[in-house]
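Structures for review follow.
Look at the two complexes coming up: chain A is in both, with chain B in one and chain C in the other.
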Partner chain A sequence: MSQTQIAVKPTRPWKLTFRDLVPDLAGALFTVFGSLAIVAITPLKGKLGFTFTLITLAIITATTVSWIRKDRKAAMNSTTTVLVYIASAFVIIPLLSILYEVVRLGVSGFSLRIFTEDMSVTASDTDLNEGGLLHAVIGTAYIVFFATILSTPIGILTALYIVEVKGRLSGLVRFFVQAMSGVPSIVAGLFIFAFWMIQMGNAYSGIAGGFALTVLMIPTVARTSEEVLKLIPQDLREAGLALGATQWRTVATVVIPAAKSGLVTAIILGIARVVGETAPLLITIGGADAINLNPLEGNMSAFPMYVWKNLLIGSPNAISRAWLGLFVLMVLVLIFFAAARYFSSARRRFK
Partner chain B sequence: MSHQDNPNSTNDREANMDQKTQNQARDTQRRDATRRPVSSHSLADVANSRLSSVGVPSGSSTGLEARGIHAWFGSKHVLEDISLDFFTGTVTALIGPSGCGKSTFIRILNRMHEFIPTAALAGQVILDGKDVYDAGVDVTKIRLKVGMVFQKPNPFPSMTIRENVLSGLKLAQIKIENADELLESCLRRAGLWDEVKDRLNEYGGALSGGQQQRLCIARSLAVNPQVLLMDEPCSALDPGSTLRIEETIRKLSASMSIVIVTHNMQQAARVSDFTGFFLADGGPGRLIESGATNDIFTNPKQQRTEDYVSGRFG
Partner chain C sequence: MSSDLLEQKSPPVPRVITTKPRFTDKVFRAVVTSGGMVSLVLLGLIGFFLIYNGFEAIQNAGLSFLTGFDWADAIPEIDQPAMYGVGAMLFGTIVTGILAMLFGVPIAVGTALFLSYYAPEWLKKPMVVVVDVMAAIPSIVYGLWGFFVLMPHAEYWAKLIHKYLSFIPIFDMPAPVFTRSPFIAGLVLAIMIMPIITAISREVFAQTPPERIQAAYALGATKWSMIKAVVFPYGRGGVVGGAMLGLGRALGETVAVYTVLNLVYDIRIEILLSSGGNVASMIVNKFGEADFVELQALMAAGFVLFIVTLIVNFIANFIINKTARE
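What follows is the complex of A and B.
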């Protein structure tokens, strides 16, 4: 053994070099230009024709290249890889284009003023430098807040019944929760309309909208919480019980803290499910142009209502207001979710 | 038993097993050599050397006693007529092949058996003169007196090391004045204090597997149990951690009764005063033989025990 020290350089032999990528790049270029050529000379026309040709050609090219370079198994692998990429593109492209459109059309009317004014003295047709959507912000905040504080305990306790108590009825309860999550949102609105408003004689109000959204939110929270609780290892429950704890004590001090971030996700998914709901609100909150600070009484507005109303009016300024409403809703929800994620995952450093 | 079916392969296996057992025994001897002189290399000697160091267990005060225990899962009879006494100040090892009901048996001792929906049982478990399965007995009090350490280290992930150790108090809603003293004494008794005293506010999951298991032992000590049940506590650990835990067991056995299920015969010989050998010969698990560990490993009364402890099957 020599005493001289040889400097060993870390390498990544499995990394593809440019040479390895040349056939793939050539295949990709061939696919794109081939599709363009086919669209140019054949009756297949337009964006749809191009997309169709591109997908077909991508699959054929990738499969053929792999088959020639390696073997049949590699060809199958390439085919499925391309299919998976195409499927992801089908999900991502519409999503990005929606985001792009909302930002493009919504950001123009944005100023901080819209958070201080409502539409009580402004017509939808007027220029966008007047009026705001504070009434919609307040309305949505009230309604979602009510729905959340009602459905979070009900949803999580339902999940605890199914997973922890495993009572005699847990199968039945799970079945009903699943059935409830398939209920069309207008039915939830009609239920509150028939029960809370017609039977009990209440008028349009924010809390009625909150009730309607609660009906929609419970199944989402309950089902997600159920999945999260099932992931907690049985070992931890047994360890808690073996320390002389009652079942409730074990659930409260061991299971729920261990599942905390998952349960927060369940609530976030529930809010995401209901925050954009329009149909149940149409028949429960009535809609308004002015700020209503009392959630228990009087017509209330909300973001979806605001957007819907302005779209119905149809003049260019009103439609711009609708886009603005969508944009602000999107940004607020994004901020809210980011904050919830941050606080649920932030672990205490010091005690 | 398939001994006679294929003599060649069985012989090979026996030879292997013997070789392995002896090697392990020799390693053990080497490790122990610094503490006590040992002349030869067998399990019996391991058991003997322990006996000479601790003296013959008195076996006078009965802490826990199982009388005629049977157990079922659904219609499957898994344990038949097990009677065993566990004395305070001693370690009892339960050995036997997988699936012979050792774990089921110790879960019966602190009433964890009933969490399996199809489980049923017959017989009595006497703790301080009373049957723990009597009507009106508070199950949570039983589990406070009979603690348990599981096969896989399972510290509570949402709690710091400190909170984990004291979690038993929180779970059983016991209030104490000097939590810090208890924290230190539990961690010291579990042999973990020096390693974690500067990181008590870190999460339990940050520790190594062996440390986590000792944290779990410290956690079960905090509620001051009379009996500690250990279900293969070292099966997921490396030899070093195993050694640390065995030292912990030895220290703890002075003040409580410890029942340990193990697949490691050396471990049984090293740490236990009494040994029970379980076997399920196609049917329900039975207690084939029990007695002082020394006797079980030196001159077992049953041929099957001798076959098992010498590695001839299982």
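What follows is the complex of A and C.
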């Protein structure tokens, strides 16, 4: 009765102890201080010199330590580990820099007033407390609206053709849609210019920009929708058919509702892809400084167009305006991006 | 009464069983099929309208449209005909594309490896988001950032490279202008194509059979030996395909290259010099003041770009699909 239970404590021999971490820590400290010392003594100077020394020294230290403690294979492993960490740092640094600079340079001119004025009575060179980008807001809204209502049905029908109808050409269609997502945006613009302007004899307009973006948006919508439809369990379709429903009824009342949030994600991703496209708009919408409420006629502006125009003018205030435009554009893109992630995570929860 | 019962028990007429689709299904299939064909038709129309409008330019110039590196309007006063050739721009496009691959592919593959095998769990998710956000950033943002933020740094790096490596011909400098060079354009393009290469490589790495990875570890492999022996042989096709997909993007990039590259109609191998080319930015550059004849030449240039990127994309997707299926 006074027997004490002896619970065997589980041992975890693979778990790193403090003693294992000591060489790593020492190596890291040696690397940092070593590089600082080298930068201080030798002619290698500045941030670039420090980064360069740090990388070289990190590789050398990691390799030598592993070689001495173990063997050549371990040394090789340490070298590549350091390299892989450096590579991923090189991916993060540009993104952080971009976000930081866009906010730093763009936010100073930002106020809600810029959404109430256009540039029709303001020169780009004037101070940023005059003029706004309402005309670009309206233009982008029109252009993205047209692109969305045109490419959504086409994109989803393409996905349905590949996944549901499985026609004879579905492999070919799939392959060509993949290839289409690599069509350079300037080519899409040239195509609309050749077709809508030269062939049909129209002038610059918002809808022409919408057409050009449609070409770029279809592949994104189609490919994402295809992936979403493929995730719908086959059982659901078979259940629908077994109840005597036609294929049309099965798709319309079972498959599409089940895939709804995924399809919304596809559309939002498509919008995020095209909302910042610049090149096709440069040759289809003409650009304008005043509000144009008619998307079918007359020059139109858009965020990327606004940025481009001010960039080409090049005076300090115009450049500030360009950064302001970029800031608004980036916020818009990130909102669409976050919305797409929200809807796709909603889909995962449903599953 | 009994006859009534008998009558009731007689079997109902069997339903006709058929595999023929009903009318609604026929309509449904017709609508979906025609919707699915739109992409094929669009792709065909793009090629058709570009070559239709640019045919005359190609016909006038012949093969020299691809090889010639002059882009000059006609000057009637001295009877000089218009000369349009995309050779220099095509060369520049390939140079910047190759530079982007050289800078971008190792970093992208390294990042994909990091995300698949090295990253701690807490870091994995935010890193994937970072890569996705980078893919969503519009090219004009990269252009402005490249011009105003990266260029001052890159100019300094280029000067250092020139100072110590100028005995290699491609790092030589006939004139000390280091801004807006193919080197800098290559850097910006590399940052732009990294996300797509990372995403595709990661997808392929994720398909490596886990039992083979475990087997390698069980045999005492280090992480790197495992990657070398299992992951790379398995995912090689995907990495190559992803890199080519990135190359396709780099070849067709317009706005970002236009801002950070000085367009010069000349073939130069000195990548640090402020002189380069890119077909897509050339089109934007010349579009504004083009007359009808030049417009035709621009359409033809667009057609060349379309075909080149289409071929690169075809090969890339073919390799990726083949790897994914295995």
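Just so it is clear, the second predicted complex is superposed on the first by the 239 of 351 C-alpha atoms of A that agree within 3 Å, B and C clash if a C-alpha of one lies under 4 Å from a C-alpha of the other, contacts with A are read in each partner's own complex, and residues count from 1 in each chain.
The rule is short, and it goes like this: a residue touches a chain if its C-beta (ideal position, glycine included) is under 8 Å from a C-beta of that chain, and two chains touch if they have at least 3 such contacts.
The structure displayed is predicted, hence computed values, not measured ones.
Of the two partner chains placed by the overlay, only chain C lies in contact with A:M330; chain B stays clear of it. When the shared chain is aligned, chain C comes close enough to touch A:I154, but chain B does not. Once the two complexes are overlaid on the shared chain, A:L236 sits against chain B while remaining clear of chain C. In the superposed three-chain model, the partner touching more residues of chain A is C, compared with the other of chain B and chain C. Of the two partner chains, both chain B and chain C are touched by A:T246. Shared-chain residue A:L21: touches no atom of chain B or chain C. Contact with chain B, but none with chain C, is seen for A:A258 once the two complexes are overlaid on the shared chain. In the superposition on chain A, contact of A:A203 is made with neither chain B nor chain C. Overlap of the chain B and chain C interfaces on chain A: residues 246, 249.
Chain A meets chain B in the complex at residues 166, 233, 235-236, 238-246, 249-250, 253-254, 257-258, 260, 347, 349-351. For chain A in complex with chain C, the residues that touch the partner chain are 48, 73-74, 76-77, 79-81, 83-88, 90-92, 94-95, 97-98, 101-102, 105, 153-154, 156-158, 160-162, 164-165, 167, 169-170, 172-173, 175-188, 190-191, 194-195, 198-199, 215, 218-219, 222, 246-249, 251, 272-273, 275-279, 282-283, 304, 307-308, 311, 319, 322-323, 326, 329-330, 333-334, 336-337, 341.
Taken in their complex, chain B has these residues touching chain A: 110, 112, 115, 117, 140-144, 147-148, 150, 152, 154, 156-160, 162-163, 167-168, 170-173, 201, 203, 216, 219-220, 223. If you check the complex, the residues on chain C that touch chain A are 21-22, 24-25, 27-29, 31-40, 42-43, 45-46, 49-50, 52-53, 106-111, 113-115, 118-119, 127, 129-134, 136-142, 144-145, 148-149, 153, 156-157, 160, 191, 194, 198, 222-225, 227, 245, 248-249, 251-255, 259, 280, 283-284, 287, 298-299, 302, 305-306, 309-310, 312-314, 316-317, 321.
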